[in-house]
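Here's the structure, in structure tokens; my notes come after.
Labels run A, B, C and D following the written order; every chain starts at residue 1.
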Amino acid sequence: MSQLHVSIVGGSGYTGGELIRLLLFHPNVELTQVASGSRAGQYVHSAHPNLRKITSIRFCHPDDLTSCDVLFLCLPHGVSSEAIERYRGLAPRVIDLAGDFRLRSADLYKDWYGETHSAPQLLQEAVYGMPELHRAELSEATLVSGTGCMATAAILGLAPLYRAGVVNTAIPLVVDAKVGSSASGAAPGASSHHPDRSGAVRSFQPTGHRHTAELLQELGQVAGKESGEQLDQIIAFSATAVELVRGVLVTAHVFVKELLDERALWRIYREAYGREPFIRLVKERSGVYRYPEPKILAGSNYCDIGFEYEPKQQRVVVISALDNLMKGAAGNAVQSFNAMCGWDETTGLTFPGLHPV
Amino acid sequence: MSQLHVSIVGGSGYTGGELIRLLLFHPNVELTQVASGSRAGQYVHSAHPNLRKITSIRFCHPDDLTSCDVLFLCLPHGVSSEAIERYRGLAPRVIDLAGDFRLRSADLYKDWYGETHSAPQLLQEAVYGMPELHRAELSEATLVSGTGCMATAAILGLAPLYRAGVVNTAIPLVVDAKVGSSASGAAPGASSHHPDRSGAVRSFQPTGHRHTAELLQELGQVAGKESGEQLDQIIAFSATAVELVRGVLVTAHVFVKELLDERALWRIYREAYGREPFIRLVKERSGVYRYPEPKILAGSNYCDIGFEYEPKQQRVVVISALDNLMKGAAGNAVQSFNAMCGWDETTGLTFPGLHPV
Amino acid sequence: MSQLHVSIVGGSGYTGGELIRLLLFHPNVELTQVASGSRAGQYVHSAHPNLRKITSIRFCHPDDLTSCDVLFLCLPHGVSSEAIERYRGLAPRVIDLAGDFRLRSADLYKDWYGETHSAPQLLQEAVYGMPELHRAELSEATLVSGTGCMATAAILGLAPLYRAGVVNTAIPLVVDAKVGSSASGAAPGASSHHPDRSGAVRSFQPTGHRHTAELLQELGQVAGKESGEQLDQIIAFSATAVELVRGVLVTAHVFVKELLDERALWRIYREAYGREPFIRLVKERSGVYRYPEPKILAGSNYCDIGFEYEPKQQRVVVISALDNLMKGAAGNAVQSFNAMCGWDETTGLTFPGLHPV
Amino acid sequence: MSQLHVSIVGGSGYTGGELIRLLLFHPNVELTQVASGSRAGQYVHSAHPNLRKITSIRFCHPDDLTSCDVLFLCLPHGVSSEAIERYRGLAPRVIDLAGDFRLRSADLYKDWYGETHSAPQLLQEAVYGMPELHRAELSEATLVSGTGCMATAAILGLAPLYRAGVVNTAIPLVVDAKVGSSASGAAPGASSHHPDRSGAVRSFQPTGHRHTAELLQELGQVAGKESGEQLDQIIAFSATAVELVRGVLVTAHVFVKELLDERALWRIYREAYGREPFIRLVKERSGVYRYPEPKILAGSNYCDIGFEYEPKQQRVVVISALDNLMKGAAGNAVQSFNAMCGWDETTGLTFPGLHPV
């Protein structure tokens, strides 16, 4: 197979670095250009020291990008939507990893991002890049959005219950997300200063987190809402930073309509994910790794999902874990890209993670 | 003032070690004996290396304990209630840091501990050793129980809202607790093996955690229930182990009955805790430490409490932090002991915690 | 190419787990059996949770091992040499990752291991499995030993200077090794209990470390000694455990005979390692990763080497880093295996490591 | 006793924060002013969140400092020596925690700091603030310098051997220091960005570290050199950053002139430090904490010292540990201040450190 020419804009950040790593080893890809405004002219490994001796590519300036088959955007929020026409002019297929094109509704966007979208005409066209929920649409898509790292863990963990129609939506859904420091990006600052960030268990967004909007949209959709509508349930989403570089763990509390048993829940999850290459159901009776654990997912594209059921309360606790830079960002984008291209979705994504680590 | 003679049973564990440290520096105490079945005859600093050169006490055997004024029990769950008569024979005042005497109702105990209590006749007599809620009872108490570390953070964070009567108890209360590794004690095992425990974000008790019972009892009581009754609300409590040695952070999601504003919430908290020596309200507009953060509490007896209010959802997120071995165990026990004795509750507990750490 | 049948004995430990991971993805290998005395009958992923859904192999009992093309031994020290005849009867080529066959001299073994070797007749035959120094011998070898993780970092870092003949051996060589917790293996114990091991900077073997013997042998050999002789220099080797799961950093202080300059040192290292696939010279003027750093090597087979020269003291500080389970154990063993088989040494070992991590 | 009026300049950094904490609880001190150029007008707890509710002091501007009894300077290197006359005009006794006045010789300063000293006339007058070596001088001193954190650990660990005259100074002394992130100060930057700094084992100054100069001066002096002369031995000092916020561990390799035995070494150390309040000899046969370990010293003023002797090599490995912000900076400065004032040196410094932590 001849290789596709793929380029990246915004390649000096953490998500960009992971994309470079994945695409350098992707058998169907020739990584053509990697642009960075701040590091143009420097070797890629000056920003990504793990790529020393792996590649001798240098960052180009974004103005020097040429046409390619697929263009990945790893830009700060708001930047990609402002320049989206230029980027779509460079490549027939664009995958944007920022938050700009995750929502189908300009109103929902305004509610949660607090600003008017700068390219609302593209919102319906863009596809939410989660192959597990949007596989069919991806094959036709010309504009694909990435997905929020915590939103991905929560949506993948919860979607089977919403699709099965068992959730009591009269009771709020509480989603408590724990996340590592790499989710805040590569720019140093007071909150990421090691003596202060090390060992932190730090509530940083107890209310109002933007990823909530992705849950309202995607869980609404699997629950049967039309595109552009949202779930009719209170979602109480809170995020806490923990001592970890890579990783997200989501603990979600769902109340179900009727008394279920554990076997019914297993059936719901197995039907939803039995053939998904990157979802593993993790729920064991013994051992240390009985539930999903993000640290053993570092570098892998898995989303591990488990649950526990408390019949007296009709409560399901859903636990899901992933690597925020992989299944929560770059890995998931490559999986979507594989789906777009009609390839095996695992192409270039087979690294299983390490243990111990 | 002449010093009280105080002894400790079960002094080789982490809670025991903290008690020894605190009592050695307590001006009104002479630490008479420290018993340990497994380490009898060894120097105390063989188990607690921070006490090298601080004390030359050796552990005695539990059988060799003599009478004293106050006896602290730091024994594994279930052990203290079986031998409670013997220990009460040694000292007119006993403070038990295990879970055995935390609940006033033998039925509630059976529901959550799964076994029949071995000394139910003492349950009504024992005082839940939380000075903020039981100060008056402590002065008369002859049997005081310690409090669960996560329960303490949750109860102290939530009690003002329940006492103020603003909580909508028709909606479940979700309490998500994050906890460090010292809460599992000093005995090595597979789940505490460093290569596996390091960097963990590990759901270890998503449902059925025993500390829930303490919330049902204590929040019920501040909400106006009789002793022995419990709160009439679903409490969804989940615990996750995070990378940290000492510390608990609780994130609790409460829905309120009526539309409040932030000033009303501030008023509720200030009224509840304005004069409490070990509770600090932490809620700042800027900076890294805007909400409670357990790491800067290591070694201190503070419980830091903050909140965020989301009016659209009528949701209050309550965030509370403490050191599980201090305000969550030994420090809180010393504070209760001070209250029992009529001393300033801060005696021997003035260490403020470190920053950075 | 038809695949070789490869089996592993001692597959439930950390080194065994890494070998399983590497061999499952090795294109020229069919992983036939994985034996474990303690876990026979259980799924491999019960010990190695990162391999969930990757393989459905179960551990067999060591007694049930059948013949294969290559057998890897991941047994505790002393066990493999006692049963080596049995294992050599199962496979024409055996690779032993324990310390048993690292030394060519039974006397040197006795000096450092404090016991008489149980199969001294095999010591001259075994090959020290370090392709960078023993590539030619590996192609003919039937018994290959693994290499000590800290010894590997030290030897690879220092060999070019010894081979170039620039070292002043009248002055002791000081080697200070820092190592993560996985190097102590998968068995829990007091020294690996998380509350005690977390954040440790713990001198655990300031004198007398066995890896010293590997340096005496291998640096002696590159310096021109005969096989079985050792370097005629004092080696002061100390090991300190640091907060890290995977990784070794060695800082070695070498004094040189004559006044060198930095370019001469660069030339020595480039000549030694210019074509080595797994050695990278890391020495940059700016940036955070100016010297070798173990954390970005986790999961990779690289040994990164850097140095700094202080002309006033004629001192070279050599800094080398690797992942103790990869280039320090399983990865290096697979590289040796590739060399034995005449394959590209990077086969199955291309994972570059992660950043950030 | 009436309290001394004490002020601090440069109070917003980590060393300043520790000084504030210590002086607030010091019984003989009234903390009068804390100056900070960058935070003037803000509450002290805005920079030091552990001091919430402990003090309501606000930072003043350095220009607003008034006279006091003792002034502590916690300024960046080079700043205090330029303004030293002004500060000495404010207080009869000044304690400077920067590097400016650590060396007695302007030549030695120039050799290691690479610049000409701006107040060389004060160098002979200033006292190196290490009570263990300069107790008598401190009582008369009007200008006291702090000591380098790694230098302190190394000097205290090695001084007894140099004073006893047993060191073979023909062989270089190798000092390998491991240090936590707080030693680099409170200002964020690329090298302290958590995703990059977390889990690091990072050689940051393999040669040329300025603390070497303190060793040359102080070890020279205990070995009998005149003030202003330095040790006639090569000191090979290297520093490595490890995963830890507070703490220094020094591993030093000394070769001795004659064959000693362990009892002789014990005797040397006991004679040197038997009555020192903040030095503990740590060398045990069993247990996890057999050698000095910095983590249990966080917040304490101890320097723990151990050693191991290898007779075949006539090598002593000296291991010393301390908290870089306490015995390595603020705690040591308070101890020096106590010595200056003729008080018990432990006043305000009795916190023993925590375990586990």
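Keep this in mind: a residue touches a chain if its C-beta (ideal position, glycine included) is under 8 Å from a C-beta of that chain, and two chains touch if they have at least 3 such contacts.
Worth saying up front: this structure is predicted, and the values here are computed from it rather than measured.
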Third chains touching both subunit D and subunit B = A, C
Tell me which of C-D and A-D has more C-beta pairs in contact.
-> C-D
Please work out the Cα centroid separation of subunit A and subunit D, and write it as a whole number of Å.
-> 47
Rounded Å distance between subunit C and subunit D, as computed from the means of their C-alpha atoms | 38
On subunit C, where are the residues touching two or more other chains?
-> 14, 182, 186, 190, 193, 195, 199, 243, 245, 287-288, 293, 356-357
Can you list the residues on subunit B that touch subunit C in the complex?
-> 14, 180-182, 186-190, 192-195, 197-199, 243, 245
In the complex, subunit A residues that touch subunit B = 171-172, 174, 176, 178, 190-191, 193, 195-196, 198-204, 206-208, 234, 236, 238, 240, 242-244, 247, 249, 251, 253, 255, 287-288, 291-295, 306, 308-310, 313, 315, 317, 319, 321, 356-357
Touching residues (chain side subunit A, partner subunit C) in the complex | 14, 17, 21, 25, 46, 48-54, 182, 186, 245-246, 280, 282, 287-289, 293, 296, 298-300, 302, 304, 350-357
